[in-house]
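Step one of this worksheet: look at the structure below.
Order of writing sets the chain letters: A, B, C, D, E and F. Residues in each chain are counted from 1.
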Amino acid sequence: MRPLSLLKNIGRSPLALLLPVLLAAGATGVFAQDAVPASYEEAISGAEGARFVVDNLWILIAAALVFIMHLGFSTVETGLTQSKNTVNILFKNVFIVCMGAFTYALWGFNAMYPGEFNGIFALGSPIPDSFAEADIVANMTSQYAAYTYWADFIFQAMFAATAATIVSGAVAERVKLPGFMVYATLLVMFIYPITGSWEWGGGWLNGGLDSLFGNGDGSAEFIDFAGSSLVHAFGGWAALAAVIILGPRTGKYLSGGRVRPILGHSMPLTTIGVFMLFLGWFGFNGGSVLSADPQAVSLVFVTTAMAGFCGGLTAAFTSWAVLKKPDLSMALNGILAGLVGITAGADTTGVWGSCAVGAIAGAIVVFSVIFFDKIKIDDPVGAISVHGVCGIWGTVAVGIFGGGVFLTQLVGTLAVSAFAFTASFALFYLVKVTMGVRVSKEEESGGLDLGEHGQEAYPDFQTSTPQM
Amino acid sequence: MKLVKAIIKPFKLEEVKEALSEVGVEGMTVTEVKGFGRQKGHTEIYRGSEYTVDFLPKVMIDIAVTDDLVAKCVEAIKTGARTGKIGDGKIFVLPIEEAIRIRTDEQGDSAI
Amino acid sequence: MRPLSLLKNIGRSPLALLLPVLLAAGATGVFAQDAVPASYEEAISGAEGARFVVDNLWILIAAALVFIMHLGFSTVETGLTQSKNTVNILFKNVFIVCMGAFTYALWGFNAMYPGEFNGIFALGSPIPDSFAEADIVANMTSQYAAYTYWADFIFQAMFAATAATIVSGAVAERVKLPGFMVYATLLVMFIYPITGSWEWGGGWLNGGLDSLFGNGDGSAEFIDFAGSSLVHAFGGWAALAAVIILGPRTGKYLSGGRVRPILGHSMPLTTIGVFMLFLGWFGFNGGSVLSADPQAVSLVFVTTAMAGFCGGLTAAFTSWAVLKKPDLSMALNGILAGLVGITAGADTTGVWGSCAVGAIAGAIVVFSVIFFDKIKIDDPVGAISVHGVCGIWGTVAVGIFGGGVFLTQLVGTLAVSAFAFTASFALFYLVKVTMGVRVSKEEESGGLDLGEHGQEAYPDFQTSTPQM
Amino acid sequence: MRPLSLLKNIGRSPLALLLPVLLAAGATGVFAQDAVPASYEEAISGAEGARFVVDNLWILIAAALVFIMHLGFSTVETGLTQSKNTVNILFKNVFIVCMGAFTYALWGFNAMYPGEFNGIFALGSPIPDSFAEADIVANMTSQYAAYTYWADFIFQAMFAATAATIVSGAVAERVKLPGFMVYATLLVMFIYPITGSWEWGGGWLNGGLDSLFGNGDGSAEFIDFAGSSLVHAFGGWAALAAVIILGPRTGKYLSGGRVRPILGHSMPLTTIGVFMLFLGWFGFNGGSVLSADPQAVSLVFVTTAMAGFCGGLTAAFTSWAVLKKPDLSMALNGILAGLVGITAGADTTGVWGSCAVGAIAGAIVVFSVIFFDKIKIDDPVGAISVHGVCGIWGTVAVGIFGGGVFLTQLVGTLAVSAFAFTASFALFYLVKVTMGVRVSKEEESGGLDLGEHGQEAYPDFQTSTPQM
Amino acid sequence: MKLVKAIIKPFKLEEVKEALSEVGVEGMTVTEVKGFGRQKGHTEIYRGSEYTVDFLPKVMIDIAVTDDLVAKCVEAIKTGARTGKIGDGKIFVLPIEEAIRIRTDEQGDSAI
Amino acid sequence: MKLVKAIIKPFKLEEVKEALSEVGVEGMTVTEVKGFGRQKGHTEIYRGSEYTVDFLPKVMIDIAVTDDLVAKCVEAIKTGARTGKIGDGKIFVLPIEEAIRIRTDEQGDSAI
């Protein structure tokens, strides 16, 4: 997820404790292809060429894995909500992934990776349609990356929609479709690339905190390997803002502090979703190594998996202890919490550290879900807890288990979260006053599938008369 | 004894149940049904073809009550189920000749 | 999808506009391993050996991705049909993928890639059981391919069943099982390899049109990169023939031109299916580069994804505009339409061109679905529109956006489609008069699950008495 | 799945018939990186470095594929059981995969691959948290493997939970959750690594039978390529022991030898599961080559796929012939049976041999399912037949089609199966007398979802009153 | 008033509904049920074990009608539902003592 | 003729069906319902919020019988359905004024 220059900084980072690991990670930038090759043929021949082909292939496969996470989000959200809102949730998710990637090509990619810029905000622009041969070859050096421009783009594009997808789950079952579509498009197109550029685009966050909390030699830099903050906390806190404006589902919070749970309609769908997300995470984190470097990618696979597994275990046992029964939906949320948690430090945390990060995330998420229900923040799928709260946890955990500096991590993640919250609040509010964001009570009770789409998700016992 | 059969809007079930509890009804049996009536179904389009959903989801409640409770019971249902909009539903009262509690063999009013 | 010789032709194609892209694509054949290696050990050692290992690995992974498309087809078709026909649809799909691969080993692979032949039709034969070491090593040169014989076979075998699977969706809910099984087996075993051999096998289509519409120097050759015509249009028009003979589902078309929609039973299943198909398409198109060439595969990933995303967007908005409500099933069909559309030119179309190809496909599919219902062609899942119509669109689109010659593309795709239609018509008719193709009215109304299988897909509220 | 030393033995095996294949397989160990590299940078540079990167990448991708098999198990088991036990089955599977990987890190990996040991049993220990640079580099030689330590671990860890997952399906719908959790944890943590160490860890099985049935020159060694015995038969026979102690589901077996079938609740879920398992099997078997060796991995892909396909075909037709109707659940079981069958010899069996192995497995599984019902062994998902019976079949099939020695194969697989049965019996019995293993009749009739979890899987028509 | 209770084959529902509309019936309530009767269930095999599905899917229609409409209503149901094959179903007529429209409080015949 | 309406525990359906067959009942119609009564629902927790499931799954059986069979029929239901635990259910007997077999136009007792 970081341009090469940043990787080099990290390679120089004097975190003696984790030296070998970092060395491995840093090594991703060291494939020795510094001179511009004479031709494309040359660029892909020889041992360095073969290495380039592998690295590039891995980024592409990782992009495909991240793609399937969108199926994961779709089915997790569908499973945890009522059947009468199923078409709506699926439509929103399908729309977001399509629109997210399209606008990323149109604006986002260049806004997020602008090259030289003021460090805070850059204008976007469409990616090129194709390249002249000279440009293709010129890009195939270690100055650029261990992969092609296209691989770079598609990997990043698959991430882009994630932020809005996270919000989609939190506002489910009462948000008006057109308003949400406008909001999600603007969020993904314009807001997500801003915080992205702060760190991965080489902006102020990447370095700024180093001088503040360290001595500017890179040793106190902000670390967010694959996006605990830049993707997950961003989505989670943007979701909180939207939920605050939108309000809870009708009938969820009753007088006297009583909560009426609104049960999801299919645990198999939710489970399918979590497994798909887990699978995709190997690409999300593994691909963020930005090469197929064997030490780094292998370690990332192990830390990612262990954090997810341990998150599932602690969430299952925590829910059992606190809520008396082992709650499958909590165990599943716990797996996601562990995965979100390790995302910031998947390359610099040791195996047992990753177990700890995941285990703590799994416990956090149970209490967080309960807490948000207590304060009447209605989040049907637990998105704020999983992505927002555990995104912050994961980022600061790098300051504990992953070789980062605690204060840097804390300030960095809060900066991203605060910006996501504020921008989302402004945007959602704007949409509210212009187009409206909430469906009518009747529509909510009858279901958004009929109200927004005139379609049912499971229309089997449907008796009907054909028209005209 | 009478069988009070009410067909109501599904999201009103809970209010009706509470209203019934208040007047002393202790048992009822609920069925998911589809209703056809004055409230016209909605016209939808599926893959380009228009069609009307004629039957709307309703909930049917069967309540066996002693004769003296019928009026109160009907009143409670009306209170709980009314929205004032078309499609609120109907209440039918049917005679019951005998009632038996399976567990205890009790018969008549005490079985309800 | 093309043997090496063809790739070379394309590499020579003087389409200056897209030179770099084509160069990249052509480069797949240029890995310099021309001399037969002395031993297997030598063949896989050194830089060229490493490159061979990567290329081969990618073809295998692509084969696995294409495999999962069959789950996609299964769940799309299941979701868009009634629950009482679910076991039947799943059984048909499971059968086809098993039988398709098996007959491909027995006959199809050698019929489709016969080497020297008359250009129109070749006899098939079983693939070898295993190879002597000398043969293994002899195959590992650029004369053969960038991958092993086994990788070649398994990648192609995974494609084979697709044609019949497309038909399966169109004839769903009323086709008799044994008749369909015989038809599908014959179609996949004997007919599909014929049109395949015309182009990918080096037959008349690959070159014939070049002399007709160009001057025979390869500049007007027919281009069908991964099978918009050879796989998708083939399946779509074969489906049309079957549907014409079979007739619509009982009760679908009423007097006075009224249409009674027969609703599918699970939108989540349909959505899962489309995501699985999309994922698999990265292998379908990406693997058709026939190596892990970084420029070509990366570009193919981008064009494939963008076409799918844009198809989804335009189908969603077109259905919204034309049908008043945003139709999820149409958006999902639109994604598939975009993917089918880009398949012929995924390696030679630019990014924005691929967006156009996909977007147009997404709009076409909506009108096409409506049109076929108007003319009483009953296709429960939209297979004719998605694969047939958009397969043709995608192939001619190469003549607009992808550097091909419009007339060549048009004539080529019509030739394939017409042959598929005719052969399928003859075959299905033959099965009709011999075994019968349609279930009884009672069975249709009671569902094929009980009628053909004596099994229900969701038998939970089943009260039963054990026998014997 | 075998340490390098074993691979070498096989490379030396004088099975002339399959020489080229074995040569290819043996070649996995021949990448020429024998001297310890000077630095990590050196280790991954040059042609050998590039090769190492590919090999390692493939093991990681294979691990991800094996991971998704756990989704396959979950949905197969869910689909073949009643909806009232769905949450319970999903929870068990989620728990097992999390706990299985965690305990494998804690104990199992080192117990299964102990290096020098007595050949029968070794103590486990936690894997290291991270490595010093020197250790990383030292591991990157052909003395160790074609991949990193982490890749090794994660690939093996994904296998570990499989054994308990197999049991989970067989005991479904009546097993008590806490008891099962303890049993599954102990089985995966302590028992599975024991038999694993016998063969893959270099224990007695790997060599012991060679001297017994051959002349100790390696020509009569036990062969279990990817675990027909060590994973599948282990799980299947462990399951039988548990089922014997647990007893059948209430109401399944009636007086007079009548059987009341208890129908599964969702064939789409079962089908999704089988496709996911099939996909994962490409990693399970393909990754067990332990490198990306092009001949070996490609052949394994072909044999694996063909066995699965042929298993599906024969099971479909066998069920049709024997049971009068084509049974989807049997066809799906047949696919799995074929895959289990080929697992022991996927690298040494020819293409048509693999078809035979799979086809026979597909027929066996139908009769086996019927047989176990006859003797009142109640296995809702057919796990004992698929994994136990076909695991044994697959192992001895190596003695027929895969170049192994029949007697060695038979004795080896029986040893593993007998140990699995005995250990599982003891363990399950212990849990029975201490914690209890069976839910009450009422809970069974009301469903384990409510009984154990207080949650329903599909709670849509749920009317409820919120509490406090 | 009477409650006409008809149990019919599911795929005949639409014809029955149309026949009822023609004789002036404006409301009805439909329930998915399982029926057991002379029409014997089918024998199936699941994973090798034979069993009989005893209960067949049927649809039950409850129609409250005024006394004068009962005969027409019964006639309409018969026309719509008959296939002549076993399992066509039954019609039962039950007395209703009172009917109430929830929305308007109307009672008696005008409530239907 | 009477309509015997029994609400029982779902897992007792088969025993009841068999008991009914034995006394000569040849037809019945079964509906999945939710019951509310003395048998209190269970308290569950979903994602941290406690709630009570008030309505429990039951099965309702409608059996039309000739007057002379009513007593036997009720007896059979009781035998088949009783567990002795709370929630076993109820039997209600309602009058039927007319019965028609759709297939044959038979009326009255012979229609059942």
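What to note about this one:
Note that in this section a residue touches a chain if its C-beta (ideal position, glycine included) is under 8 Å from a C-beta of that chain, and two chains touch if they have at least 3 such contacts.
Please read all numbers here as calculations on a predicted model, not as lab measurements.
Counting C-beta pairs in contact, the pair that comes out ahead of the other among B-C and B-F is B-F.
When the contact pairs of D-E are matched by residue number across B-C, A-B or D-F, over half of them reappear in B-C.
For this pair, chain C with chain E, the centres built from the Cα atoms lie 48 Å apart. The mean-CA centres of chain E and chain F are about 18 angstrom from one another, to the nearest whole unit. Per-chain CA centroids place chain A at a distance of 53 Å from chain F.
Multi-chain contact residues of chain E, defined as those touching 2 or more other chains: 17, 30-32, 34, 44-46, 49, 51, 54-55, 94-95.
Counting only residues that touch two or more partner chains, chain C has 47, 50-51, 54, 57, 61, 259-261, 263, 266, 272, 324-325, 327, 329, 454-455, 461-468. Interface of chain C with chain A (complex): residues 18-21, 23-24, 27, 30-32, 47, 50-51, 54-55, 57-58, 61, 65, 82-83, 254, 257-261, 263-268, 271-272, 274-276, 278-279, 282, 286, 292-295, 297-299, 301-302, 305-306, 308-310, 312-313, 316, 324-329, 331-332, 335, 350-353, 355.
Chain B meets chain A in the complex at residues 11, 34, 41-46, 49-55. The touching residues of chain D, when paired with chain A in their complex, are 40-41, 44-47, 49-54, 56-57, 60-61, 63-64, 67-68, 70-71, 74-75, 78, 86-87, 90-91, 94-95, 97-99, 101-102, 105, 126-133, 135-136, 140, 147-151, 153-154, 157, 177, 266, 269, 272, 452-460, 462, 464-468. Contacts from chain F toward chain E in the complex involve residues 1, 3, 17, 26-31, 62, 64, 94-103, 105, 111-112. Contact residues on chain B toward chain C in their complex (touch as defined above): 44-49, 51.
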